[in-house]
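Next come the structures, one after another.
Look at the two complexes coming up: chain A is in both, with chain B in one and chain C in the other.
Up next, the complex of A and B:
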């Protein structure tokens, strides 16, 4: 494994990692360091040309949904041609899963790779406008770095499409694709109903390409080194490398760039064999560590426990904590982060959160568990966005993974010896509409 | 050509008119919001489906060609 915190040899063959992150650890890459390692941007001099390479590489979105990138590129280019309207390209760095830090780390350490990817994606779909969207609460570190990087690029004249920086409010849903479009259009960062897809009608009605910043960084390297190089690591079905945020018992985030298909045992370390592991963040899945360590980091393998790689979040719950109490605390946060627009989410999530709080306490009513299971079913698939679905998945996996703990609670006991909150939650929930702007 | 019912859950306010007019394909959950059968609307129910779409006070229910 390649930890960003450790020094790495400067070898750069096809299977060596990291690809995206600097090889020398924590040193941010300025324009000079970036071009010394990767060379200049390989523009293709015409729209559409890059798309076949991306298809052969098999690159999928690294923001969590793993949608094939070439299909989005193709859809935007097609919509642009059909409607004779120039598209907009948006790099999404609004990493909203509170436990994730990989996008901010990438933007801090290798901003030029993301910005190269943004230029190449803009060229591929014939866009004349590009936006890089990041969280406002990272303005002082990531935001400043990006301003410096854009100034460096302006000085050397590397970019063909001007890049605008935009900020997301500190909400869980602000990186959701339609919420992002809504916000950049001057509205609150809350989701809208699909259809229309943003690839057809997004920002100001223009066909819009929204790609996660890590996805764009991979795209920038595929443009240089080709699809075969990309496939030298990863699995045949899920090629390439990905950035992960790994939190072991100390709770500290470690960012690692690893091949898809890597054994989870190697990622979670020796302490990860008992207790529980959270795979994919707060819209993800709890799994018993004993099962998780037998799996590999790819959605095909993780499907065995109902999980997916998502945005690469892996968290080991320390054995002294209560998984039910942690889940209840997170679900209360997720309920508060609902935009409150859709009836099932507005009604279901707070009820699920309250019933989970009961399960996390002593001697819950048996009915509470049945209620949660029913409500989880009722909210799934019934929102304009996937917030209710992701929350329901997280909750159901907790009821299964922490079933023995639930029995203990019903007898008035709890195995935890430490009640200090472990999983991170941002401060402050939305109180007024202003908090979504 | 078959059609499918689709609810825009943002527009829907749970008035419940759709479930009254088309109980064969629309049920209400315990909070009064519609649970819609996403399969193609059978020809025999197309008229009722159109009536349910027209009756929605917030224009949240649509028929989409599939």
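Up next, the complex of A and C:
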């Protein structure tokens, strides 16, 4: 009972996971359940005070880039002071990576933890405006769920900064930081060149903090329990836990909250010992399952196969599918999702996609493989955003991981017995400018 | 001897210098406009990379300004006709050929604004720079009118052919620019258009190499990759 009044239910000891998601099952947490488990929002009563705790905790962005959160907070606060302008805080729940489902799940099950984090981040950088940016149609109706949560908070008066809900267009790039700023500013969700960094000049020119929704949820817990508690799980270099989207052979997404450094063998399950594993989603890396199961879920270990933790997507390719055909299908989708702005991406990705489709077919020309290698090198690092880079990484890892399959295709054979598409792709690509709005 | 043949002597030297530099300035400004049109379409010139076309546009415009400056200063310094210094900047301030010299002043003012905003481009918003830069399309015809009207003999000599050639070149260039813009694929459709282009090329190659037979299609592994979007199993 004493524990409960401090907001620490007895079942929630230090290393116990999940930390973010509800302990029991799939019941969304309303305001009452949320405060019973976590307690009220521990406001620091002044800007900047939370930043030292976040730095000690070593929290990094959970949207995929793993940028240290305290540095972003510090940069926004500094820019706000230097330019005497109130910053804006944006919770990024766009999660446009089709294979990922962890942000939608978090927003569905524990919206108040994210909204707590948004308030605390707003206080830390002295913001007077907060926006929650997401696809409202995910998970039945996550937008309605979030509206309810915001109404609940308004009723109890827990928030100090008003929160506005904003809808992300259904594009792969809509969660990209500069694309998101463009979209919220009334334009299409297409990336722009950096600098200026959004921490300096973001929405309407104001210093802007953009953090993934899971990052904000972690931040809300660090504010309550401190950096030492946060570091009790994870590795020394990459502390804490993270939400993962795991798809095994059945293709259904499972969301697990796991400590960084967890063996992939435990995540992929017994079926994942042969075949291939996709680590990090469609901008990620294919790796042979035999190698992947020896690794742990941290960027240091995953570097051995050229992969990173990213947004925590792990997919086991079923043995009856063709990895080349799956890759070709995804790269075609990625090419169509190019904003069509930068020459290397606009001209390069369609060619790579077409050549990959050839490799996925019977008896491809040898030239196609060399063309892809060359084009992948030519597009990397030459866009306003990292869309060409991520696509090139994905393609190159496929050529290495599915090298044996490629040889089979050159002889006119394929090991796949099931032609049904496995990796998920959203319906419809952009045709008009309105599709980006 | 030379003076008698060419008509150049100490009293006419400035007048001839002014006319010569004026003609060169017109040709240079025409070239600058044509290069500018090329730059807006990311066009290239034979043997030059794209950035060199941009550099040529910039540097040639500065050379043109030097010739305009010489043209103006020699005209003012020449004592045969009375063109006060103020008439260089202020339109209609010249007693001699009030309207036609005035047009030259208008063109010069616009050119100066275009050059200065370009030199300060890093400190200006793109929108402001572009708005001023578009005035170049006004500056050129005004300068052209000034050049064919200021001295009547130009309407009758071979120099008129030069002026007409410049006008044709600019009109043709602007026409090409507008036609190219009308053919532009909207940004949102560019990738799709390119995708179908490379797809068509691949299909054509298959047909030419005889790989696109029904039997070959049966043997092929799952490549619905180009057949169209597939249903998501998530949303």
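In this text, the second predicted complex is superposed on the first by the 423 of 437 C-alpha atoms of A that agree within 3 Å, B and C clash if a C-alpha of one lies under 4 Å from a C-alpha of the other, contacts with A are read in each partner's own complex, and residues count from 1 in each chain.
Note that contacts are C-beta pairs under 8 Å (C-beta built on N, C-alpha and C of every residue); 3 or more make two chains touch, one makes a residue touch a chain.
Everything numeric here is computed off the predicted structure, so don't read it as measured data.
*Asks:* Overlay done on chain A, so just call it for chain B and chain C: clash or fit.
*Replies:* clash
*Asks:* Count the residues of chain A touched by chain B and by chain C, then name the partner with the higher count.
*Replies:* C
*Asks:* Is A:59 touching anything from chain B or chain C once the two structures are fitted on A? First, second, both or neither.
*Replies:* Touch status of A:59: no partner.
*Asks:* Quick one: is A:347 in contact with chain B, with chain C, with both, or with neither? Answer first, second, both or neither.
*Replies:* both
*Asks:* Classify the contacts of A:424 with the two partner chains as first (chain B alone), second (chain C alone), both, or neither.
*Replies:* A:424: touches chain C, not chain B.
*Asks:* Is A:301 touching anything from chain B or chain C once the two structures are fitted on A? First, second, both or neither.
*Replies:* neither
*Asks:* On the A-aligned overlay, A:382 touches which partner chain: chain B = first, chain C = second, or both, or neither?
*Replies:* first
*Asks:* So in the superposed three-chain picture, is A:193 touching just chain B, just chain C, both, or none of them (first/second/both/neither)?
*Replies:* In the superposition, A:193 contacts chain B only.
*Asks:* Kindly list the residues of chain A that each of chain B and chain C touches, one partner per complex.
*Replies:* After superposing on chain A, chain A residues 341, 347 contact both chain B and chain C.
*Asks:* Which residues of chain B touch chain A once you look at their complex with the stated criterion?
*Replies:* Its residues touching chain A are 8-14, 29-33, 35.
*Asks:* So in the complex, which bits of chain C are touching chain A?
*Replies:* Where chain C meets chain A, its residues are 186-192, 194-195, 197-199, 201-202, 211, 216, 219-226, 229-235.
*Asks:* Please output the residues of chain A touching chain B within their complex, sorted ascending.
*Replies:* Touching chain B from chain A are residues 191-193, 341-345, 347-348, 378, 382-384.
*Asks:* Within their complex, state which residues of chain A touch chain C.
*Replies:* 98, 101, 137-138, 188, 190, 251, 253, 321-322, 324-325, 328-329, 332-333, 335-336, 338-341, 346-347, 349-351, 353-354, 356-358, 360-363, 409, 412, 414, 416, 418-419, 421, 424-433, 435-436
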